[in-house]
Amino acid sequence: MAAKLAHDSYGKSKVRLTKVTRLPDRHELKELSVEVSLSGDFSATYLSGDNSKVVATDSMKNTVYVLAKKHPIDSIEAFADELVWHFVKTYPQVHHAHVGIEQRAWHRIDTSGKAHPHAFVAGSNELRTCTVGNNAGELVHHAGIENLVVLKTTDSSFTGYVRDEYTTLPETTDRIFATSVKASWMYRDVLKPGDWNQRFAEVRQVLLDVFADHKSLSVQQTLYAMGEAVLAACDYVDHMKITMPNQHRVPFNFAPFGLKFENDIFVPTDEPFGLISGTITRE
Amino acid sequence: MAAKLAHDSYGKSKVRLTKVTRLPDRHELKELSVEVSLSGDFSATYLSGDNSKVVATDSMKNTVYVLAKKHPIDSIEAFADELVWHFVKTYPQVHHAHVGIEQRAWHRIDTSGKAHPHAFVAGSNELRTCTVGNNAGELVHHAGIENLVVLKTTDSSFTGYVRDEYTTLPETTDRIFATSVKASWMYRDVLKPGDWNQRFAEVRQVLLDVFADHKSLSVQQTLYAMGEAVLAACDYVDHMKITMPNQHRVPFNFAPFGLKFENDIFVPTDEPFGLISGTITRE
Amino acid sequence: MAAKLAHDSYGKSKVRLTKVTRLPDRHELKELSVEVSLSGDFSATYLSGDNSKVVATDSMKNTVYVLAKKHPIDSIEAFADELVWHFVKTYPQVHHAHVGIEQRAWHRIDTSGKAHPHAFVAGSNELRTCTVGNNAGELVHHAGIENLVVLKTTDSSFTGYVRDEYTTLPETTDRIFATSVKASWMYRDVLKPGDWNQRFAEVRQVLLDVFADHKSLSVQQTLYAMGEAVLAACDYVDHMKITMPNQHRVPFNFAPFGLKFENDIFVPTDEPFGLISGTITRE
Amino acid sequence: MAAKLAHDSYGKSKVRLTKVTRLPDRHELKELSVEVSLSGDFSATYLSGDNSKVVATDSMKNTVYVLAKKHPIDSIEAFADELVWHFVKTYPQVHHAHVGIEQRAWHRIDTSGKAHPHAFVAGSNELRTCTVGNNAGELVHHAGIENLVVLKTTDSSFTGYVRDEYTTLPETTDRIFATSVKASWMYRDVLKPGDWNQRFAEVRQVLLDVFADHKSLSVQQTLYAMGEAVLAACDYVDHMKITMPNQHRVPFNFAPFGLKFENDIFVPTDEPFGLISGTITRE
């Protein structure tokens, strides 16, 4: 019996950075968490501890900060591009570089009704994400969104499902629908970058629009409608994966108190939770 | 040697509830986490397991939901009042009831540039809080704010502090100042409730205004200025406690790379962190 | 342009359960978190909101509790088997059922030097895990371990790696090596279940033995050595994936204080962290 | 109207450190998180930004590491003593220094049935804590324990409590009792330090013994019995505060499935939770 190394990768995670750009009339603030992962000709360190080809993960971290200084970071996708090319072109032993970036939102504080030039308040836990990797000399771009927590108080029903000995859930034609949307999509054009920021904003708005306006017969149906609408509205999107965990709002049982539940008081619960996912592609 | 029970209290924490109010043109959404704590004539259960005076914490939970149905929950302070009086007046063995409420913000989703009538997106981790307790037949109201995460990219210096053998921090006349403000304040008027929501909005805005505009010589100075400004602007506030943990942004050391730190690239760190607190009162 | 549903699955996550088995001389305690995910003939609910084939995730949850009552839960793998077969055999629209289980350890409290028959104290965050799924009428079993946090204070070096303009990490022949091992392995025999509990204990011990005794030249080398040793010692393991995030212990810089770092005082940091992974198979 | 600074303190939190002591036959490992808080003559920085008396929190952090090198850290209490005296004696403007330390447990890995000399596996989330402060030239010592998660499967009942219109909880003579014990106790003797480690172990064992063996009529009763037993067994303890949040295990309702709950299958829930506390003193 002998063992072999079938697959391997290594890198640095949670490289957090703040970039401040000092413009004449205002400061711009970007906060990112960067992940770098490399694979290629690295088996020697696994098999014999020969580190001669190993780029230390500490050096990857340094690289992220040095390149962040030089790059405008106008979009996380553009910065990820820079990082991927850097690792692939600098080190021949790197066959594939994979860079993931998460960005949190900061909003300008309003004082006297005006956006402040250099003071900010943190946004929600929503993350704008991207992952960029090289494939046969070209870059593949995925963008995404995580922790987009949304809730609608009506226009959501769930009826007609299997009823058997394990079923206790009552059918309902009007329930709260709450979820934390996680979506990622691949861009079609590799060579024509477009405006990454505008694209992200467009996709996000379509997701919100459909979530808000859809007459939902099931979480699955709304999920598909959201992805379908993105593909219809955004010709630069190749395909999209959406995951929607149900953040249940359980009707409070007022029966023991001589009162009636009137779609008014709910118990939010974190677990267990339904988890619905789907990948929507073009035909 | 004999032991005695010097102090005791018990209650229910993290009673989470969602209230939907269905108005003709839109739905209102409130999400709260409620904590109830009681003290009084409860030593028998501690000393002998005699539970005859014990209001089960499960019953407290039920009470929160039942009263939430009947109360408009126009403000968390008004709902907390209702709960405190309920426990004090219903159960003679309850001498003191203490109710704490946390409220997270939900914002309406904008679709086609308009606020949606029944679809919402979650706000930040910022919490509006209150605690209400009874004292000699009157209620004492504290309101508060937690996780108000703010950052300014300039107008913050830190110089002139003690330099000795344990000091390595360089003085700086221009640093990032980031913190997660936690503030709580007691209201002066017990009998004249005023508009709790407007008061909260006013206090919050003063805190943000001063944070943004203050030329900070130390976190301590800005903290005091924030509290002082609230007392000056809001005559209904009796005193205020503020806690400001430093959320450090550490300048990245570019020296090994032949580059210069230009107040541009920082490393955000979670720990260790400075923790500054102060209580500001009226003279 | 038209969209299509390329892939979908749905299920229930974080179904937590406690099972107490009351034996004559002692109680047994098991605490699990179960995840069920189904795929098959479910496109109708995505495409048109036709839920007639949908098994509600709430019903999945009920099923877990009902089957937990009837099953001894002698091992999480055996219980997962039961659940997978249940969903596949009960609902023709289910083509694939996937069940994941996490188990936390509880230890008996020692009183007067003896293991207590019915009082327990919680173990660490280490999780025993399994995932079971059906494939062409047979079950495929993966077992795993997560959050196995280990640290060795010596026998770890890291030298000879790439030194270039991005490198600042000093080489070291004696460092702390700390990580949170995550491993999962596939069992070779589908039809001969063996003793799942004994197998898990054997694999875990090999992982710990090699981590403790290996003279490490790199995290990668130790990772591979751990996997190789498992394959050598455990003929029932087909292959194994191991992920080892570096939990860095950074030497404290005593130079400014006229003192010398003597491999004695370290700063534990959570981020950024190195992340090493590898899959070890049989030749 | 004028404001004044009624109270203030500042310090550094989450100063994490690892100390390795290299003995001839084995290595010792200690991991601590230290918090330092100072108060005294510091109003100038609050009122005017005059930092001339301010000991930077970064310097406090350095001090912790430098003193950790010199101190054996044989117990966290002894190390906290050293830190408190350091700040009080070095800086006249410091009137009160308060040091809190948390220690996590690491256990030696067993290989071939023997405790390994330098390889460790992490313990549970249980923390050993202490807080030490100066008061009129003497030190006051509190020790404590947090996250001591315990569960008993029987010998716990809850009956005879108030039944009214808000009560739905059924009485039970046999339930699961699970909690995360948080306890802190003040030591009586200021000048006679004793063996802090042995004392901690003794108090912890009494808490576990009573939890395990008590026939509980209420959480309150068990809490008091635990504190009373500590005071009886440990003459060096002055008083003790215990907080016990209920970690509920809710009986699963098998009625809809034609089955009977037999004290066998429970649903663990995190919230809402009962929260019971008491302070037990000597008469």
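Which chain is which? They are A, B, C and D, in the order written, and residues in each are numbered from 1.
The rule is short, and it goes like this: a contact is a pair of C-beta atoms (placed from the backbone, for glycine too) under 8 Å apart; a residue touches a chain by one contact, two chains touch by 3 or more.
Not measured: the values here are computed from a predicted model.
The fewest steps needed to get from chain B to chain D, moving only between touching chains, is 1. With centres computed as the average of Cα coordinates, no chain lies farther from chain D than A. Separating the CA-averaged centres of chain C and chain D is a span of 29 Å. Taking the mean of the C-alpha atoms as each chain's centre, chain A and chain D sit 38 Å apart. Taken residue by residue, chain B touches two or more other chains at 16, 62, 66, 166, 168, 256-257, 270-271, whereas all remaining positions touch fewer. Taken in their complex, chain D has these residues touching chain A: 165-166, 168, 256-257, 270-271. On chain D, the positions that touch chain C within their shared complex are 16-22, 27, 29, 31, 62, 65-66, 68-69, 106, 109-112, 116, 118-126, 148-155, 176, 208-209, 211-213, 249, 252, 254, 256-257, 259, 263-268. Chain A meets chain C in the complex at residues 1-16, 35, 37, 42, 45-63, 66, 90-91, 158-162, 164, 166-169, 216-221, 223-224, 227-228, 231-232, 235, 239, 241, 245-246, 270-283.
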